[in-house]
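Each of the next two complexes has chain A plus one more chain, namely chain B in the first and chain C in the second.
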Partner chain A sequence: MTEATIPAQFSPPDAATAAPPPASGAPGAPGAPGSPAAPAAESRLAGIGRGLGRWAAALGAALVVFTVLLLAKGANPFTVYADVWTSTFTNTPSIEQIFVKAAPLLLGALAVVVPARAGLVNVGGEGQIVIGAVAAGGIALAFDDKLGGGLVVVLMVVAAMAAGAAWAGLAALLRLTVGINEAVSTLLMNYIALDILLYLIYSPWKDPDGTGQPTSAELADPAKLPYLGMSAVHVGFVFALIATAVVFVLLRYTTWGFRLRVIGGNPEAARRAGLPVALLLLSAMLVGGALAGLAGMVHFAGVEYKLRTGITTNFGYIAFLASWLARHNPLSVVVAALALAAITVAGDSLQLDAGLPAATVNILMGLVLIAVLGWTARRKSGGNAR
Partner chain B sequence: MSTVTVEAPGGSTTTAEPLLSVTGFTKRFGEVLANSDVSFDVRPGEVHALIGENGAGKSTLLKLVYGMYKPDSGEMRVAGEKVAVGSPTQARALGIGMVFQDLRLVPAFTVTENYALALARSGVTIQARELSRRIAAASESYGLAVEPDALVRHLSIGERQRTEILKVLMTGARIVILDEPTSVLAPTEVDALFAMVSRLRAQGFGIVIVTHKLAEVRAIADRVTVLRGGRVVLAGTDPKPMTDAELVEAMVGQTVAALPAERPTVASEAPPALELVGVSALGDRGVTALHDVTLTVSPGEIVGVAGVAGSGQRELCEVAVGARPTSAGTVRVSGRELGRGGPTAGLTAGAVDVPEDPVNDAVVPTLTVLEHMALGHLRAFLRRIGLDWGRVGRHTSDINEKVQLRMAPPHRRVADLSGGNIQRVMLSRALGRDASLVVAAYPSRGLDIATTRRTQELLLARRADGAGLLVVSEDLDELMSVADRIAVFCAGRLTGVVPAATTNRQELGALMTGGVAVPAATPAAADPVPTAETAAADGTGDETATDAAAVAKDAQTGGEGS
Partner chain C sequence: MSSLAVDVLSGAVVGGTAIMFAGLGETVSERAGVINLGTEGCMLGGALAAYAATATSGSPWVGVLAGIGAGAALAAVHAVLVVARKANQFAAGLTVMFFALGLTSLFGAAYVGRQINSLDPWDVPGLSSIPWVGEILFTHDPLTYLSFFVAPAVWWLLYRSRVGLLVRTAGEHSEVLLVHGYSTSTVRYASVIAGGGLCGLGGAHLSIAYSNAWFENMTVGRGFIAVALVIFATWNPLRVMAGSYLFGAALALSPALQARGYGINQFALDAIPFVVTILVLAVLGKRTLLAAPDELRRVFETRTA
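Entry: the complex of A and B
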């Protein structure tokens, strides 16, 4: 072989033998029974390594593009990054802020994770968060000065989760009965949820003693979520971690989680295996909605204390990104939520210290998302012959 | 300097300069030697069959030739010139064309638009009219009927394949590689394909055809090369004088025993495994695809189902396991009426199936083999929370022990399995359990010879256990050797039920075209055979009449064998 050969573009079969119908004789393909487990473990490790490498590369690329934008804006990227670093990660209040913001983000992301397991796209986190906050607000208005502290918080949690579930459940029902795609219906219902909030805070629930701003009255102290120790982080973050653990166990170890995965992978196979597909889809959406509702309650009772127009600050959408960044893995979502929370907090200092417009942080977030999704996308495995 | 040794014993082929020759190709994937010192050549005007079991290295060889893999050693010549092919694009430039078994056409596009994708030169606009004229001209000159303006999704699989072949020819291919072209075709379409291949051979193309159906090899190939374990065990030999047994022995490395001829009758007091009474059902397009079918499968009986593709086999199988609602009639599995219970009712009553299209209907790509085993019988593995994976694992190894189908290891993701290996999972799952009704659609699809034989043994074993089996196959030989009775469908109607032992291809062919069984085949009075609902008079559903006419011919010539 004297000629220069051009490198083959295809990796060996183990990486990508997903040829759909009868591919005769892929070498090293299964067939051989009891092939040792060692190679699989090894390739899994290698896979994780590759995954991390790609993440790092993607983040790096996003930062490079962002640097160019900073330069175009006339800022010195090095001082900006240094300022952002010191103001975000080197002082306790900022770090606490990251955890405070991560709580609703994490819950909102889990609200995407669970339906995604069944192949559903829940873009309605924003609306479900609003509705959750509204429900918690309603309970608080009615009871916060009448009931003991613990009880009113429990009631608010229950009401918020139920309301979020109902809001998401509506979208699921629309899909199951008249076949409206849930990605569209959940998105549209976000606007309806916001309008409900606006109506309430402009008239029936408007704080009579307020300064003219359309807000509800501030929560009474028993209804406010307590802080963790001496910190400025409220217990909502603990709620979020508990929810993560519960979701992880539900999806990983229960029959319900397994069934959702089957539906997500192939609904027809699920139907033929005798699974109650409609019920499972509905349940996935209900659980997702409940988690988003809890996110709304946590942010409302932990930070805002008043229902106001911008109460969610787009947490629902950022959480959606977090779930996609984590590829809908309930554990990775914790990291993704913290990372996006950090970017949000860093965005505040970008705005304050570097004098950059508020939208800058959205650009950074978008860049990170596109880079990570683009770079970590697995090669699509096998379509269908027909 | 030709490095090719020609071992063909004369015959019809000439020893012209090979269009393509490969010498000493070796390709290793980690521990696996996928191709070891493989030599192979194709001459102009010949059909060279490449056969071998799953994993014998056929696909690797094709991918090496087509530039998808790079050989570790060995050389390749095209028309005598030494070449190194680094990519499919280079292979195409050298005149090597590949027709993949999953045809690479966009269903929503017209034929012309699909060709535009493949033939796109520089330039922004697609010269549709010009291209469509060129397609028509090429279609004329190669004798391959292709309609440039047809939407691909309206074409049958056979027509799509023809479209794809013409496309490959129009890219300038002189060497046409067909990768298991018959695996997706109905018997009639196989005949049409072979007629087409013969025309191309007459026009001087070199054709490589990959298959593992021996009857096809003998029907179309001038020479055959057999691969086993990555090595050439039979190089460029004329297959005509070889017997099936010889070819099988070359492929498998050992002789494969014939199925036992004796079939003890199985006495059973149990209710019929499957009872269809006046069943009609709609197809996917909302048109009645199954008309008033009455059919019984007794315990300890195998009923084969024959018919031209699309005659209602799929709907029949789905109705039998509850996966498709009926529009009229009653379905009972082991005496339990399925009614509106759906697949759950079928499973509860004891029905299992090997679906016609596992990838779309039964496989969850992201799940492992083990998880599929659990999915087939979820209720058996439930714990208080979650599933008892330990028990699933033991159940799976028990099944492996019992069925011996060499299923892929339990931790493998199904997305990474080939079609044949997916089929093994489906078969192991369905045949490894004590189900009272087994509905198996094309059980041997994608399987090699030894596994096909093993599968047939398993069907017979389940029969001996007292299960009732409904087996759909396109291979009439398979049906005649496995089934007790054969139910023949035409255009969604049952046109006859004949005893497998006394029937023949002519009779089946006649029934497949909608004709009436010849008197000799009428079941004996003692036989508890339900009378077939003949569709002779009714004029509906004639759209398959032309297909059906062709199958009568097929029934005589024999489309395939195993």
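Entry: the complex of A and C
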């Protein structure tokens, strides 16, 4: 299967080599984006400095445009900023919310990072998160009144990760067997996942004692994810940090991670070197899907407790963008996820304090990304000839 | 039973129109080698601009033009990021989608619940009285009639005109353009922006002809459906037309069945178009891949970094 099917995915070698600057061409090449193999310590410091400068400039430019738009709308931007700042960053519940929202975003972003290392584009985080939440919800309905809380949590984690992995793995199999591009199939499968969720909560899993809203019955208290200390942040964020560390180590220090990078750089070369390309691509996608599935579980058992329509609120897509902001670096992803989570929380403040629709913050998110994507490209001088 | 078929097919035609316009726009863009996941955003922008302009000016046709303009403007952002800045096309498209979602909720709040002078259905004299066919095809709003001409026109433009040749060359072998003294960037800018205009027109159809209302995120995934549709239709405008009616029929089927008292879970039906798309892609397999413009295929296979 390996030998016969791979060439169909990767058109002739010249197309592969003409592709933009191989992230991986030479592992550790200075400036190779996303390549964690760092050169000397001082140039890494310089890199961090440049990175911070880039972020500051991007945020600044985005804020300027956002200010103009607020003025155009007739709102006083300075009052708006002051209010949003006060209610987002100076009170504990809001700061806790940022960490709560960051947990699924971080896991969802890692679900993009791992396949990206092998050159795969996973746009299906949204669907994989939904399927993870559905699997966790199914376990909850079946067992949360029969088994102990801790055991249910473990079962939910396992089921959600398996479901997410299966959902993403299906996309990988479609690519490896019949040649459907994974960016396309994962995107389509997002909608199928959503329809599965809606189907379940509108009929078979609908809470018979509910208020008539299409939701599943609430998760039993012992199976809800516990909070950290006295805070309102549930342990999902810790799960996400552990996952980040594991992904970092796997990608950087294991043969598997190295091989993924080789495939991401030049699949044809990897194939000729005798790497099991199909198996590695599949594994990258499975790991990614499992991480997204975990994101769904964490959001379900830590925040929502019920399956409902709109449970993910675009987390998968925001996570995709977080991964791009961090240029698929598993450590920078933490910062990107927290930043986008903060923007999301600021949206709620915007609605409460300034009376503007919460979705308005998507403008700010879009502007930041436009600025960052523009900047990223300029640094890749000359590459990417298409 | 016949009236069920007529209901569904008629609903498919009018419900598929917005998806068709967006799909045609996406086809033009992808034929030039640029995939635009911001289609959803361009449709939203078009829907709001059309609604707002109609409310302000009183003329739905001004609204149509505004919708086209807004879709084109948002696509221009994508074009700058992708063509000039060489950003990743998937990331740039999603960025535009979120940007438009934010913009339309900020500026759209004032228009929720406003009454407008919408584009009302107009029965084509004579043709609309043909049994079945008349009701299915000729009892709709003017933009739906327009779509009957736009799809073949886009096909003609792409395959029979000089402009279309340039667009397709940009998508297949951009270096050939260079050799002949054309600028690939210019061709791509034009294609992406024109495609965005068509997406905006699709959005305009939603707000001022189909729903006659504006509400936040009113496209609910139609832009992504359009992206899927283009692949389903193997980048051919006429197949996009046929495919949009298929998707439209799937959307129209469950309300039609429910109206007749069949207890059916609409979400099972909603998933059909997506499952069918994947199945078609699986069956066509490599043929689909071969039908993709070369430079677009390169985008899909681009190493992420």
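Of note:
Rule of thumb we're sticking to: the second predicted complex is superposed on the first by the 329 of 386 C-alpha atoms of A that agree within 3 Å, B and C clash if a C-alpha of one lies under 4 Å from a C-alpha of the other, contacts with A are read in each partner's own complex, and residues count from 1 in each chain.
Operating definition for what follows: contacts are C-beta pairs under 8 Å (C-beta built on N, C-alpha and C of every residue); 3 or more make two chains touch, one makes a residue touch a chain.
Owing to the predicted nature of the structure, the values given are computational and were not obtained by experimental measurement.
Contact with chain C, but none with chain B, is seen for A:Met189 once the two complexes are overlaid on the shared chain. Of the two partners chain B and chain C, more residues of chain A are touched by C.
Contact with chain C, but none with chain B, is seen for A:Leu369 once the two complexes are overlaid on the shared chain.
In the superposed model, A:Leu173 lies in contact with neither chain B nor chain C.
Once chain A of one complex is fitted onto chain A of the other, the partner contacts of A:Gly265 extend to both chain B and chain C. Of the two partner chains, neither chain B nor chain C is touched by A:Val235. After overlaying the two complexes on the shared chain, residue contacts for A:Val361 are found with chain C alone; chain B is out of touch.
When the shared chain is aligned, chain C comes close enough to touch A:Lys73, but chain B does not. When the shared chain is aligned, chain C comes close enough to touch A:Val123, but chain B does not.
Applying the stated contact rule after C-alpha superposition, one finds that A:Ala273 touches chain B and leaves chain C untouched.
Chain A residues in contact with chain B (one complex) as well as with chain C (other complex) are 8-10, 18-24, 32-34, 264-265, 383-384, 386. Chain B contributes residues 27, 29-35, 52-60, 63, 67-70, 73-75, 82-84, 86-87, 90, 101-103, 180, 183-184, 210, 212, 227, 230, 321, 323, 342-344, 346-348, 353, 355, 357, 359-367, 371, 374-376, 378, 382, 385-387, 400, 406-409, 411-412, 415-421, 423, 445-446, 448 to its touches with chain A in the complex.
Those residues of chain C that touch chain A in the shared complex are 33, 37, 77, 80-81, 85-88, 90-92, 94-103, 105-109, 174, 216-217, 221, 224-225, 227-228, 231, 265, 267-268, 270-271, 274-275, 277-278, 281-283, 285-286, 288-289, 295, 297-305. Taken in their complex, chain A has these residues touching chain B: 1, 3-10, 12-14, 17-35, 37, 39-40, 253-255, 257-259, 261-262, 264-266, 268-275, 381-386.
Taken in their complex, chain A has these residues touching chain C: 8-11, 15-16, 18-24, 32-34, 69, 73, 116, 119-121, 123, 174, 178-181, 183-185, 187-192, 195-196, 198-199, 202-203, 264-265, 314, 317-318, 320-321, 324, 327-328, 356-367, 369-370, 373-374, 376-378, 380, 383-384, 386.
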